[in-house]
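Both of the next two complexes hold subunit A, though its partner changes from subunit B to subunit C.
== the complex of A and B ==
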């Protein structure tokens, strides 16, 4: 394993001057998150549940969700929130079921788009989920 | 009670007086003078209202409509200066109600006889030496009624003071707190201080049964319960004993209230003297969410309000519906809600090879059923809908079974040969409220007291109001009104049909005869002959006319009318015995022994009642308080239930389960939403889509062909053995078990 990566408290500085700087910050954040993945897997015992590549995919998917944003201030705020979330996870302030629910199953990574549900109609999919649809 | 509105109303007229004070008073000191204390002096110094003052328009209390039986006989009275036209026999209180003034009262109830003993309704009438009890005084033409004068207010304060004198300080522990008439009216009309310094009297509690909790110390002797029991319920159980402050309401002998309407005294009692025993100390009324829905314990479809706190039903209260249940509900309706918490099916289950049930996911359960259903032949598939099924689920079940190639889908309670072609042959054709116009009743093979308590209450009301004659053919039973027992079996019916029985004379002389046939007769083998005899009686005595149709059929289950409208009838008697796949949708009264040992049984329902033990697969469904379903009552009135609490565990709505099963089995039903199901129902039975409307039968008995069969001589048997245990919910209810152990007459 690589040398353990300590998450320095890189608080996001208040203002990015322009979009380029914001973009740079986004990639810094992504790198910090990916570097803390081994710690996360160690803390929450995710070795058998998910592979690091899948977690990376999950993180990048969440970042890509907001790819349409162009205002640097908004990007700063999103980064702040992301940093807060990452800090919580690395500090073991969350629990295993949170991680699995939010980042593993939530993105449709684990067994949700299995062959069982492919040909089924919306009615049946909703029926299996709950009574209220 | 709308007495909360009274509070604001009482304040408003007072502010009119304040406004008339001169506005240059900078300092308002509170000063009391002897002139201000006596009401008469204040009345004298009141400023006269200007003569041509335009008063704001007033609507009757509660949005009520006034029915004038003879429009020429209307009289005009003046209520607080407002002229109002009322019919001739109205009392002063009713005239004030028409004028929009709600007068406080404790003993007066619009559906009971007038007692006039609480004196809270005192109002001032001009030219009368003392205030009059408005509930008892008839309104005379030109009467000037004043409800907000100091005399009336002083009277109310005085009555309130007297009532509270002997009333215990029980508000914190009394169940009626928050919905108590005494609390509301003392806040609105009572004085702020009392002068009572002696000891309060107390009264021993009476044991009225497992349903009604009595704390007789709180009783204010309004006698509403006494009048209710003797007039509406027809049992003379309660009475007033003693005189003066030693008066006690009780049964005098150690007797329990066994009437099926005994729970209604809980609603009627204005204070916390009679409360609901199962609901005692469970909740306060302000933390409950009321949902207006329909009851399904019998075929009447009483309107109820389900009070729930979170996911739990706390109590059931009646709703006003003049046509069906007025303001009453039977004990079964009121108290069976705790069955909704017990024995609930919450997960799909499949029976293992060792005979035990194992909880599985919906996917697996439906996959298993979908596999098996393709391995049986079409006519070996049988679907049976239960007595609590709603119209949507029955429609989807019928569609599914029909598309699988089978015709064997029926509802519980409809035996072979019941045909649903003509709607008059299974509905209450004179409508429940129309029974009030009948003057002779002939009950054939039915005991309305246990089968449909609200119909019985209506008959009792008719008997009491217009001295109608009631005669019945069937097993000897208790009735709470005078009725003649003509016989026990079809022989008596034959005699009446042929004109040999002395009762025929009464039928012929009746203006509006009503014949009520019980649906239990549909299960007899000689059903055709019996129904033909009934129809010949109807024809001979002019029972079915354009203006009056007295031929009524009293159904037993909430789902029966809708099932017959949708066409769920049993075509062949051998269907169940030769079935290989049986789908029971809440059907617990099916004779489980008749199902062959190798048949695959799927049970879809909400309680683990009788038929579950034979099932191979269990699919949990939602109960009537958790789903939106359409029910048609025995007179053809379509109503909808509203979900009050969330479904239990992993249960789903009935129609959704059948629709999902059909999809898994490869059958494509053309709808996947409730609107789709309803539009499908519209093409089959459009009256089921028009909620809150009664659709009378279109054709009369003239279209029926001649019947060739003969009647057997077996006497009619009672259909309902135990009033308190008739469906899955009541059988699971502890309160119903207590009632049937204690209250049934042995």
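== the complex of A and C ==
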């Protein structure tokens, strides 16, 4: 059995110098999140609800959501928020219905899933916001 | 605290294990050079087993959502199958879960084909039981 993975909480590291380092941090974060999945399933009793591969997919989908970002500082901030979310989940600060609603079911229950208005036209965006444009 | 005798320079693996078990009650064991990872083990370098390659191929197909009749050879690269870098990391994590191993970041960066992944898995699975026995 591989050694159990524990999430170490380190302080805020300095900003990444370039895109390569930011990308490395993204992968480190993703690996930390995937290795915490057994703990998460244990805490929230998700064994019958979801498979670990589905949780991995939802994590990667959220990362892919922001894949178009190129500024290392923005990436750092997104990683910080992601790390905060992961720490909250692992600390049992959330509840089962939060996890199921946000990461298992995915669509519909949380507003900001899906790509951030990338493919939509300006006409549709204006149409959705107001009647007068 | 040290052992009351000096172990002979050439000590075989089995004898070393017996010595270690006896000495387990001591607080700190300093064997000097015997504590190094130079185990006298015959290393046969061969290709990974076909069933390992098959399991890796199944995981890759599932991860990249390829159809079941896509021909996957051992040398097919992940990037050629339409995987980006995040997909590669996800495949490595799925393999970690499936084979119950832990892949280091430096090792994971070198994986580009199915054969390399299978070789690395075989290597880690082989190392695991010896780490648990000592």
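As a working rule, the second predicted complex is superposed on the first by the 101 of 133 C-alpha atoms of A that agree within 3 Å, B and C clash if a C-alpha of one lies under 4 Å from a C-alpha of the other, contacts with A are read in each partner's own complex, and residues count from 1 in each chain.
The rule is simple: contacts are C-beta pairs under 8 Å (C-beta built on N, C-alpha and C of every residue); 3 or more make two chains touch, one makes a residue touch a chain.
In this text the structure is predicted, and so the values were computed from the model without any measurement.
In the superposition on chain A, contact of A:131 is made with subunit B only, not with subunit C. Number of subunit A residues touched is higher for C, counting subunit B against subunit C.
When the two structures are aligned on the shared chain, A:92 is found in touch with neither subunit B nor subunit C.
Contacts of A:64 after superposition on the shared chain: subunit C is touched, whereas subunit B is not.
Judged by the touch definition given at the top, the superposed model places A:81 against neither subunit B nor subunit C. Once chain A of one complex is fitted onto chain A of the other, the partner contacts of A:73 are absent, as it touches neither subunit B nor subunit C. In the superposed model, A:123 lies in contact with subunit B only, and not with subunit C. The contact surfaces that subunit B and subunit C form on subunit A in the two complexes do not overlap at any residue. Across the interface of their complex, subunit C is touched by residues 1-3, 5, 23, 26-28, 30-31, 34-35, 37, 52-53, 56-57, 60, 63-64, 67 of subunit A. Those residues of subunit A lying in contact with subunit B across their complex are 116, 120-124, 127-128, 131. Within the complex formed with subunit A, the subunit C residues making contact are 62-63, 85-87, 89-90, 93-94, 96-97, 100-102, 105, 128.
In the complex of the two chains, the subunit B residues touching subunit A come out as 361-363, 622, 647, 651-653, 656, 659-660, 663-664, 672-673.
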